[in-house]
Amino acid sequence: MTLYLSQFLHAWAYASILYLLALGLSLTFGVGRVLNLAHGGFYMLGGYLGYTVLRQLDNFWLAVLLAPVGAMLVAVVAERLVMRRFYGHGMELHQILLTFGLAFVISDGIRHFWGARILTVAAPALLGGTVDLGLFIFPRYRLFVIVVGIVVAVGLWALIKYSAAGVKIRAAAADGEIAQTLGVHTTRVLATTFVAGVGLAAFGGVIASPMMALAQGVDFQMLIMALIVVVIAGLGKLETVYFAALLVAVVDIFGRLFVPRAAIFLVFALMALVLAFRPTGLFTPRST
Amino acid sequence: MRSAAAGRTTKGTREDDVRFNRLAAASAAVALLLAACGNGDDDPGAAPEETGTEDGTEDGAEEPAEADGEPVKVGVVIMTSGVYAQLGEDTIDGMELYLGTVGNQAANRPIELIIEDETPDTGTALERTRRLIEAEEVDILSGLISTGSAYAVAEFVSQSEVPFVVANAGGNDLARAQRNDYIIRTSFSNWQNNYAVGQWYYDNVGETVALIASDYAAGAEHMNGFRESFEAAGGEVVEEVLTPLGSTDFSAALGRLGNSGADGLYGFLAGTDGVIFVQQYDQSGLRDSMPLVASGFMVEEDVLGEIGEAALGVRSGLHWAYDLDNPENQEFVRLWEEEYGRAPSVYSVQGWDTARVIVEAIEALGGEIGDGAAVIEAMLGVSFDSPRGSFSIDPETHNVVHHVYLREVAEIDGEIHNTVLEDLGEFPDPGA
Amino acid sequence: MAPLLQLEDVSKHFAGVVALDGVDLRLEPGERHAIIGPNGAGKSTLLKVISSELTATRGRVSFEGRDITAVGPARIAQLGISRTFQTSGFFAEDRVVENVMLARLARADKGRWQAWRRLDRIAGLRDRALETLALVGLEHRADTPAAALSHGEHRQLEIAMALAQEPSVLLADEPLAGLAQAEREQIAQLLRGLDAGLTMIVVEHDLEFALGIADTTTVLHLGKVLSQGSPGQVREDPEVERIYTGGRSLDEVKRDVTETTAVQLRVRGLHAGYGQAAVLHGIDLEVGTGEIVGLLGRNGMGKSTTLNCLMGLVSATAGTVEVDGTDVTASGPLQRSRSGLGLVPQGRRIMTDLSVEEQLELGARPGNWTLERVYALFPNLADRRKLIGTYLSGGEQQMLALGRVLMRNPGIILMDEPSEGLSPLMVSVVRDALVKLSEQGETVLLAEQNVPMALSVADRIYVIDRGEIVFEGRPFELRDDPTLLRKTLGV
Amino acid sequence: MSADAVSTTATGVAGPPPRRTGAPRWLRPAVLTLLVVVVTVVPLAQGGFTLYLATESIVRAIAAVGLALLIAHAGLLSLGHAAFFGLAGYGVALITMNFTANPLITLTVPVLLAVLYAAITGPLALRSHGIFFVMLTLAFAQVLYAVAEQWVEVTRGSDGIAGIPRPDWVNGRQSFYVFAVAVLVLVIFLGNRLAFAPVGRVVAAARQNELKAKAIGYPIFAYRYVVFLASAAITGLGGALHVHHRGFVSPRELFWVTSGILVLMVLLGGGRSLLGAAIGAVAYVQLESFFTGVTELWEMMVGLLLIGAVLTNYGRSIQTAARTAWGRLRDGGR
């Protein structure tokens, strides 16, 4: 029993990371119709930038702050030079190919600058070590990650729901053309969400780095997981991402607990089924 | 990339003109292809024309290179990119370090290293090997980190009868089912180092163990090597967890291990997985209840820095340790650190030994290395005192025979290193 | 004997909206039937239901006695019911003749699954296709890519594709829509000239043409059959008059327009279109401050295109647009909306996931229109302020669409078919709103096909026909000229 | 839209190539046969590594041609063709190691395997359009990848299966090369027959205007299914020969990077013709073998090539393909 409880907590922490990653992916798609296959790359970039900041300035919180900024700068360049030309309908497949290429570039770029060595980041002192939850002891940092996940989830939900920016975002997503006639700078909104999405991914990368080491291949690995989450949540839907992430994480973790080999397979099967029978997402009623 | 060895520069130029032609060819191909899709004809059969033309130019350019036979060309296919790039780098540096001590020559023939990136992809590794043998026409082949690649290359190598010195890949079968007349191994077999630890664990840690390993061939070999001697000693394996390669989260695995109630853990996880595992093991709080004993590579110098404090106290068996107390090792470490300014790893030692085997074989043959079989014969005869202790090649298995040491990760004047606890004795691979 | 094609009590609902409501229809072999009615009457939906592109929510469609309600479009064509599309339906990359060949092959019992012989090497296929092309007078274009054809030729091609299938029933969906005069004549000719044995259903806004070609007629209104009978009867039927003129002709608002208002919007020689289809052939019009100007015309005449072009959603191929004397021709919708243009788009285009209030405040700019005043103007919105916009009724959505533009305090309001698909009651509500606006001194350019509604509020009228302004003047001048009315507006 | 349509028609994809002024009828066939001969002979003459690389190019070109059939004509972008490529590969490995090395078996059965998998996943994937199709194909390929990685007993996990015995007709590298070239020529030929026969023309029509294609009476799903299977078969054949050629197979053959590279090959070839794809594949293999030698940043090169291909609207045609594919989605999605 305690095993299941602790495993669930672990799954939850894992889910929080997936959430941060998938959220950006879903946001970018929901608003800009851009399926950003380079998302995993930006996640990884965030982690590595964080590592460097930490090494230079020796302050975890600065790393958490600066790494996303760095990644977003890269995103701005990419958006300006490449993505911007391919917004709008009929461009989805271009976007896929472009971001796919971008993914290669980023992952190889990272290998070039940081080398292929496995890098790890230590949790800040006050979050290190473990806490005794009575039934079992649990890494303190992972509890922190869970909290972060919840905070971001609530914060973003509020932002989208109540802030003026949120309204603009929803408007642009709903009908970019008309939004423009009502004075919404749609292109800027799209660009901003693209960059913001990247920011979230990079943020996830830094937050995750003390939990999981930085190494080659993490980007595609996490991208696939994020894709699965987003698909299960329903492309472009934000409210459901958190639960989808939790579902995927639980399936994955408990899958590995009981049938280690079939775990990945389980997750993929889940996605394939959802895509095939509920393309609009698991939590949304079939749209007519 | 880094300190240029005489060998590699020459290789540079030689490569360059080949490259140049290939570039020309490639661009020609592109141009042609542009034209082709301009008028997008779909008539069959025109496609292959590319291959013809550009391979023609490329090979034509190589003819003159064939003439000189003077320098000994040693092809090294090894990871210079990817997760295991560090292993490759240490190995190459080790080889160059030794070659430096003998003036980059053997029997008055300059030794020229031609390095190709092995890459994690076996296909590429195989392709590069072919290039070395068929395009560069190397006299001796060495390297290979990945066992998978080693198996793939083995068959082709024996066809072409080029002597091949495996500098790392530890798959047992290279000394058994896949044992090959043209291949020797100076590194280790997965079985060797782990078998050595089983008995020790039973005597010093406990009678039950929970095993964890990366879910691939080598992982199983490491695990079973240990299991063999451990069970022979009367121990019991109470839990066994295999995790997919490239796992980033081991909480599930740790959960099961923790639940097993074993006296301790023994495991081998490759590369990243190992680093992440040890850290999460440290966080999981199992440390106190279940000491971790590992296959040496999991906590070797190349990853130790990254695991950091978390690795302290982890014990492991391997055929070398940083503070191994013998004159060769002290000399080796000194040379290495003043040359490269970083701590050597077991891969450095393997590189060093590999180079030494090659050099001494050439010496023994007086430079007459035309016949691959003869070269292998000479290599089997080589034996010396290596930084890892006594070193020789078993003529039966073509596999190295060396001592295995039980080490513990400890802090040696501010730096984290493996320190020797005990010499477990000499272990050959039993072979088929 | 059973009729060739029969609809019994066919209804179609889209998410609550009733597009078709209990439609009955009998077609005898060789009969030519016209379906007419104002926008939102459900004409196209009816065709889609017959061709099984949509499945009826209720009721039954039968062909030669057997039920074809839900057999799917492919099967329908197999049975011999061919359809031409409202918007171009052809394969742009393929050559003209190949389009026809594909259409023909679709009905051939063998050869459709040929995986070896090239399409153009299939015995006789090409010749037969050329024959069909000759019928519609396109043989000379046989080997040009379909995309390169003119708009009119595309229609010819489509008809050729339909004929190539040797259908027993031909469904023509607005065959004349968006064609220039000369092309219209040609296509009309072509359709009239078709083999008398061919059963045909024509949906068309051009009443002259529709009534001219038809043996029998169905008049649809808001999804219901208003009347059925011979063209003659329909012509005389006052009901038909009424629905085309949107109910009781509204009493005109008496206003004296000061002739000397500054010109706020000036349009000169505006040309625009979509791809091959040129829709506007040189529009000139002016809107003065405080004026309400009506832009009348039948469907597909270019009303919406004009407004979208003014808003920058459709880019002009020639001509200029000036707002308050500054040329905005080059700028996009965003800039135009900032320079004071506001569009109430056709079909309202209410945004999903935004509440009423959010949509109102989305583009809000300081000015005399505030949330309070908009709510005062449309009390319904005030009650539903927290509701998601798309859950509103059609009329309320129209109010919202207008309200969110007002909140921008625009200089000029472009209104596109505000009465479209609304019940007469709602129409009058919208119209009253317009009256209030004019009292507020707002400037409005109103595109309408509901003539009386427009006439009753407008200070000046432009009539657009086939992409050109054919009349400019005061409402009464138009009202007192029935021949002009009938000719340009089909009433 | 129309503008592109015109330009792409100008590329002659949609119909027989436009007559080049003055070129005598016999010229092109003559030149082609000449080329084929040259292509076959030169690497044979060179032998050694050249021959190896040439074979590699040809074999992968075959796989690319399979994907091209889907992208160029049906306008369906699959990021999961690695599935067929790798599955057939594993088929070869397992059959030769456990049962027989008879080429009749080792070439047919694996291809059948690929087709079988396509037959199972096809209906699910073809149900959806555009992005969803891409992700479904991707997912189905990744599932196989996971299996290959996990099912160590059979697949030997990430090590892959090495030392696959190579039958004489393969071991004689010359004979194998000639065989491969022959297969490539045959595949392009057959592929084009299919593409320009009604079946191919119908899916092409559906790519441009799905609604109309249905309206004139074609069961589009069925047609797409057929082409999907054909595409899988060809790519599978490529995969099978690939393993024969290299003598080993690993999960990497099933990884989505492999799919991506296949797509890149097609794009390099202009994305609109089978021949183009073949040339693209050959060019890719050459470029790779060149760049990996001079720089460690090969993956970055691949990425930049991909981006470049789209940015410069390489051969313009990709755009229409993608757009019409998406346009179909919007119409069909209703």
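Brief remarks on what is shown
Chains: A, B, C and D, in written order; residue numbering restarts at 1 for each.
What we mean here is this: contacts are C-beta pairs under 8 Å (C-beta built on N, C-alpha and C of every residue); 3 or more make two chains touch, one makes a residue touch a chain.
Predicted model, so just to flag it, every value in this text is computed and none were measured.
When the partners of chain A are compared with those of chain B, the chains appearing in both lists are D.
With centres computed as the average of Cα coordinates, no chain lies farther from chain B than C. Centre to centre, using the average C-alpha position, chain B and chain D are separated by 35 Å. Mean C-alpha positions place chain B and chain C at a centre distance of 73 Å. With centres taken as mean Cα positions, chain C sits 44 Å from chain A.
Chain A and chain D, compared by their mean Cα positions, are separated by 32 Å. Counting partner chains per residue, chain D shows two or more touched chains at residues 13, 149-150, 196, 296.
In chain A, the residues that touch at least two other chains are 111, 261, 264.
Each chain pair that touches appears in this list: A-B, A-C, A-D, B-D, C-D.
Interface of chain C with chain D (complex): residues 51, 53, 72-78, 82-83, 85, 89-95, 98, 102-103, 105-107, 111-120, 122, 145-148, 161, 165, 275-276.
Per the touch definition, chain A reaches chain C in the complex via residues 167-168, 170-171, 173-175, 177-186, 288.
The residues of chain D lying in touch with chain C in their complex are 1-2, 5-6, 8-9, 13-16, 193-194, 196-202, 204-205, 208-209, 211-220, 226, 320.
Residue ranges on chain A touching chain D, taken from their complex, read 35, 82, 85-86, 89-94, 96-98, 100-109, 111-112, 220, 224, 227-228, 231, 235, 261-262, 264-265, 268-269, 271-272, 275-276, 279.
Partner chain D is touched in their complex by these residues of chain B: 15, 19, 22-23, 25-26, 29-30, 32-33, 36-56, 58-60, 80-81, 117, 119, 121-124, 126-127, 130-131, 134-135, 146-148, 151-152, 154-156, 178, 215-218, 220, 244-245.
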